[in-house]
Amino acid sequence: MSDDTTRPAGATDGSGPVLSLSGVDSGYGEVQVLDDLSIRLDPGEIVCLVGPNGAGKSTVLKTAFGMLTPWTGTVEYHGRDIGGMAPEEIVREGIGYVPQTDNVFGSLTIDENLRMGGVARDGGLDEVIETLYDRFPIIDRKRTAKAKTLSGGQRQVLAFARALVMEPDVLLIDEPSAGLAPNTADDVFEDVQEVNDMDTAILMVEQNVTKGLGISDRGYVLDQGTVRFEGTPEELLNDEEVSQLYLGG
Amino acid sequence: MTVLGYLANGLVFSSIIVLGSIGLSLVYSIADFANFAHGDTMTIGAYAALVTFGAVGGLGGAVLGLPYGFFLALVVGIAVAAVVAVGTEKLIYEPLDVDSIGLLITSIGIAFIYRAVIQIRFGSDFTRFGIQPLRPIESLVPYGVRVTLHDVAIVGSAVVLVGGLHVLLQYTDLGRKMRAMADNPDLARVSGIRTKRVKLWTWVIGAGLAGAGGVFLGLFNQLSPRMGFNLLLVIFAAVILGGIGSVYGAMAGGFLIGMINQLTPFFSNVVEALPIWPGWLAAIVRGLISIEYANAIAFVIMVVVLLVRPNGIAGEGAT
Amino acid sequence: MSLLDGARGSLTELSRPERWVLGVSAAFALFLLAALLTGALGPTYFLFLVGLAGMYALLSFGLNAQWGFTGLINFSVAAFFGIGAYGSALMTADSSPIAGGFNPLVGLVVALVVAFVLALLIGIPTLRLRADYLAIASLGLAEVVRLIVLNERWLTNGSAGLRGIPSFFQGWPVLSTFPEAMPGLRLVVIPGSPILLETSFWQSLLNVMLVLTFAGVTYLVLRRAHRSPWGRVLRTIRSDEDLARALGKNTYSFKMQSFILGSLIMALAGVFYTHLNLYVGPGDLDPITTFYAWVAVILGGSGSNRGALFGGIVIVTIREGTRFLNDVALPIDPAPLRLLLIGVVIVAVMRYRPQGILPPQRELIWPSAVDGGGTPETPDSGVREQKGGGSNE
Amino acid sequence: MSEGALPKQDAVLRVDDLQKSFGGLAATDHASFAVERGTITGLIGPNGAGKSTLFNLISGFYEPDGGTVEVNETDVTGMEPYQVADHGLIRTFQTPRKLEGMTVREAMLVGPRNQPGESFVKLFAAPGTVAERESTNLAEAERILEEFEIDHLATQPATDISGGQMKLVELARAMLAEPEVLLLDEPVAGVNPTLAKKLKDQIRRLNEQGTTFLLIEHDMEFVMDLADPIVVLDQGSVLTEGSPEEVRSDDRVIDAYLGGGT
Amino acid sequence: LSTTDDGGDGSDGSDGGDGSDGGDGGDGSDGSDGGDGTDGDDGSDGGDTGPYQIGMVDSLTGSLSAFGERNQRGVDLALQRVNEVEIDGRELDLIVEDSESENQGGIAAAQKLVNQDGVPFLIGAVGSGVSLAIYESVVQDTDVVQLSQNSTGLNLTDFPGLLRMSPSGRSQSLALSNIISDDGYDEVAITYVNNDYGQSLTDAFVNAWEGDIAYNNPHDQEQQSYSGVISEMDSSGADAWLFITYQAEFATMVNEVYSSGYEAQFYGADSVSGDNVIENTPEGSMEGMKIVVPSAPVEEENYQSFADAFESEYDQQPTSWAAYAYDCVINAALAIQAADEFTGSALRDTVRRVSGPDGEEVTSFEAASQILADGGGPDDVDYQGVSGPIDFDENGDPVGFLQVLEVQDHAYEGIDFVEG
């Protein structure tokens, strides 16, 4: 998988990025989606990926999370190559992932969903879950309800909470605010920030560009599988071309 | 025979069906296909126990009319069935890139292979464990209940196994992981569940229970290379009746089907006694509710139950 | 012959696996031809096998119209097959306890009508419900039909079965006496091993013509239906019934149509079987037929008509071809060996051709409508565009 | 509750005292409102307010516990979804539906209603008509795909597209059905803002051509721009309805839904 | 590529009958009594030195595979016997095809044997239904000789062209009816396996039986439990229970009767007997049961030597199914040796005569073969089989001996003989 892993394993000195993709080609079956793509996530950052539908944003997250194996290029976590590692192992490394669709276990209760989020934890599961209930009252009210009875927005919150049970180091989130009521979306963004404040680096895909970029430290604009622009939120939002083409401005 | 007697017979038969149907249902929900080799997995368990029992013999004492050696054989039967199933999963199913119906067809091929191998090794004739059959328990005969200590052992062991499974599913993480996997395998991996491992455990449990069912079937009746296959249709009926993929449903379905199967003579007595009008209808009904239609009756009842309880008797097991 | 039909068009339009399948089929056909010419394969036996393949092809056409098109899980293929066989036999056989002696065409019509009624009866309560209802109800139906045929002697002769069945063409001008009228032929292709064509050969030839007619007509009907808007609704139901309902399709009615169509085709296979084998018994309703029909459809490729046709051929090749295993001396008991081999072949096909031998074409739009808009896509990803992001500049 | 906020002469859809509960939870709780012909009516409310449930009740997927639904003056309560669709009402789903084994444009072609080719008999009796309609439908489908900027996906498998693209296909297909009333459940959730803008124009154009819309959407910019009036749902019943401005400044709405931010 | 018309019917007009060649319009059975002339077409393989190939359709898999297995042992033994001696210096080769115990499989198997391998002699099949199916769809209009090894179904009698080695079940049913009433019972409960075999024997029994029938119901093969059936038999009140079924099913029933504590006098038709039943049922569970089986007089020398050879080979007592199959092969071999040529019509002529009542009674293939080799004709031998004297009557049924077995000390003891 990796052609040149020069960095020593376990280099966690905090200077380098926590997660980086460099020169990655990836896709589904024989269909290539990502084309020589490079992005990085530094410690403590929130990075937002934006771009048109089908640009490959979700594919970036899937490749970083081992759901897809990079065809070429490397995926590094704290300097170690994790390209091609299975997702269930990557979770144990400290990366969490919230998928865009199908992100809850419909036939399990809310409580069980959260427990499933913590299968790889060593202990302290109950405490974490309680704090999550405190933080998200919208699901606290329905602890024993089957997740398939939740409304679209409730599901989104549950999925987010599920990924937090592991207290990950890096969180990959695919469109957290999609389908959320404005006030709930605000809550989620606040939560993202809060999680980030506890030293979790976050790589997020978001179509709600104003809010998404609003809480981010940096952003990438993806189109057709490659990075078209990179910069601070201000830079991106103020760039005429970017705004016109991608941000609906 | 009294109603009680029929019920007792039904209970014994149900125990075996239940063991078969649980495994089928588990595999269905986790590995996501209807395993047509499940019946033949039962056969494997039975023959493994036969070989073991032949080798170790009685081993001294006995409980419930069964020598200790039989229990050892039972354990070996369970283990061999589990090992064969796990081996098949690793060798055949796991490398396959097909949908669930493709897996189903593959399992038909696997069933043929299992059966052929057993027939090559043991011949096609029937045989029994070398255990002396028992007379019915005297004290129960006055109530019209004619069961032997062996029957008690079958029901008892089945209860223990099913109870154990219940504990496993409800009070361990494995059970929850299995349900999560059944629900959404991709998300299960994303959550950190080692799905391959869970799947292997599922095979171990499902095939192990099937193996136990096979051993009991051999004790209850006899062993032949087609024994498990012949039971497959009934087991399928039980699983569907219980609500596909629901383990507790499969238990209930297996119980019900086993009962219905054994209660047909009783039904026909009841129908005889019913005042049905008009006469031709009575003739038809009586003609149809008779022993040669026993299997058909079981199926018809099953369909009726489904029409009344659309999700199977266990409620909303299926999704 | 039929293969060429499925894969007609220029070779270059075929995907790699399709070419592979075509190649293997051609090689197989050549092999058969060589075997026929050298006398290694008896022509009468060959025709019997072709007839059998045709029969299985019909069965898998029928199941494909239900499962492959609409996703209806029917486990009573054997019952509909049996209804066809018995329906026709009861009308035409001397030994029929109820009617008998009618022209086989009457048998054909009666068989189809009975199958129609039965399909309706089982469809009405189950097709409104979730998909597995049909599965279980049909499992039960198969057993009920089998037991009735076995036990109701006044109706079906019970376990003795029905015999004295005429050939399908009895009472037809010319064809009814064709086999006897044909001279015995002696063809010498390779000196020393002449090929004899006698009455039984001509009879088999007639049978083959019959099944080719049945299968040919069925194929043409299904092919048109499959790529029509009608077929598209069925495929929508198969994948997401709620969506079809939301778009205003009466899914119950569509499912019923597909179920009945499939059942009629299965009954047609039964009618042919009756006049091929001239004997039917309750054993012919054994669930094993259902098994093999399913295997044929899946091995052929669910949802694909040419796959179903191919599946029929594959089943016969597997089942009857393994008989030649006997010719190889082996140290172990040969009895279950064939069973073993059938198992291995099934597993191997699923391993190496997981989507079936000839999966459906990727896109099925009414042919003339797409004439302008590019040719239908072929099933393999090799021909798809390389870049997912596409070209939206 | 807010009966009579608007004149009710030409309601193409009327929901009256509709109720539906799941277990103990009243997902729809005596909800009443009407959609005037020719409007784009917005339906907003917090997550779990019962908006999608309401769609399911209207379109015949759920059987209401009480109350009635009228489409075009016909009582459609308790009808099958396809019958409701026959009365001119089509809905989309919040989570896009995937069609396996079809290409995107095939999946689109399921949309048009009453295609002659959907009759088995006509396939053989009148193949010409079938072919003709099929060609028109195909052309129309490709045109809409182009407008939605996903024409390059036309021959892709309908399952192998991105989440946002699926939403677009869902919307495009519903448009092909050419309904009188179109119920859209969060059409632009997950759709890129630039494209969402174009969709807005599409919807507006269709509306000008006579289609009435009932639109669930959480994207306030989108819905406030497009819809008038807006119905606000909370805990299964109508909290208020009115013009975007009225709704936006309603304290209860801000409290329950909009939050301080916007 | 040359095409020649073989002149069709003209060439074999000599025998005056139709239906001899190619089965024109045929009722093939006619051929059996007429001495068909030679058939020019097939003469070509007369001079071969390779083995004579004949075919057999057997139940190698499927529900009757246990019978197929028993057949197979007899077949192997018989082939050994034949090939020790050889037929005019040529070996006998038997191609065995599997019927899967089903009509469809049986027909396909026979199709292959007849139309592919071109065998003129076909042994088959086990189940009566399958035998008939094969006859009707493959054999009927051809010259091929079909000899069923195991079918006892009554309606095979209606097909004179279809020979069988096992006697019709009618004689068994009559004998059973007599035995039961001689034992002093006037009421009987019957259960039979729900197929052609069980049904037709039961029908014959019911016709012959003068007393009451308290219970008469079929049961399906290969069920896991028959407790419903036996409990109904018990509550019918009859003390004599008649079982017309197969070993596996019967053994299940016996065990269930035993462990339910029911008591009754058992009777059974041939297929319920066997070492495997004895082995797999408890001591005393069938004490006093009477079974009627077709058999050669067991004390006779040929049976003894057969039984010895069988025991040394397979370490168990032969079953009647092994004996039938054994006799089928021997009979076929003799028919081949006696015939002028290796064609169906020639064999059809000799097959009955080599074991028919005319001629010298011999009890082994070797002895019979010797007579033929010494210039004897088919009528000079009367092969006495190990399953009976093998004299086919005009319906193709053998005139069999029946032996009455009684279970004593959990073993079968012959107590009587009945002429079929």
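Some observations on this one:
As written, the chain order gives the labels A, B, C, D and E, with residue 1 at the start of each chain.
Rule of thumb we're sticking to: contacts are C-beta pairs under 8 Å (C-beta built on N, C-alpha and C of every residue); 3 or more make two chains touch, one makes a residue touch a chain.
These are the chains along with the protein names UniProt gives them: A = ABC transporter; B, C = Inner-membrane translocator; D = Probable branched-chain amino acid transport ATP-binding protein LivG.
Because the structure is a prediction, the values reported are computed rather than measured.
Counted as hops between touching chains, the shortest connection from chain A to chain B is 1. Think of each touching pair as a link: the shortest run of links from chain B to chain C has 1 of them.
One finds 43 Å separating the Cα centroids of chain C and chain D. One inter-chain figure worth recording: chain C and chain E are separated by 35 Å, centre to centre, where each centre is the mean of the chain's CA atoms.
A straight line joining the Cα centres of chain D and chain E is 74 Å long.
Shown for chain A are the residues in touch with two or more other chains, namely 28, 31, 54-55. Within chain E, residues 61, 65, 68-69, 194, 218 each touch two or more of the remaining chains. Counting only residues that touch two or more partner chains, chain C has 150-151, 335-336, 339, 384, 390.
By the touch criterion stated above, chain C contacts chain D in their complex at residues 221, 224-225, 228-230, 232-233, 235-236, 238-240, 242-252, 257, 261, 303, 360, 362-366, 368-370, 372-374, 377, 384, 390-392. Taken together, the chain B residues at the contact with chain A in this complex read 173, 176-177, 179-180, 182-184, 186-195, 319. Here chain A touches chain B in the complex through residues 65, 67, 86-88, 91-92, 97, 99, 102-108, 112, 115-117, 119-120, 148, 162, 166, going by the rule given at the top.
Chain C contributes residues 41-42, 44-45, 48-49, 52, 150-151, 158-161, 163, 165, 180, 183-189, 194, 196, 198-200, 276-284, 286, 288-289, 319-320, 323, 326, 334-336, 338-339 to its touches with chain E in the complex. Across the complex, chain B is touched by residues 61, 63, 65-66, 68-69, 194, 217-220, 222-225, 227-229, 231-232, 234-235, 247-248, 251-252, 255, 258-261, 276, 279-282, 285 of chain E.
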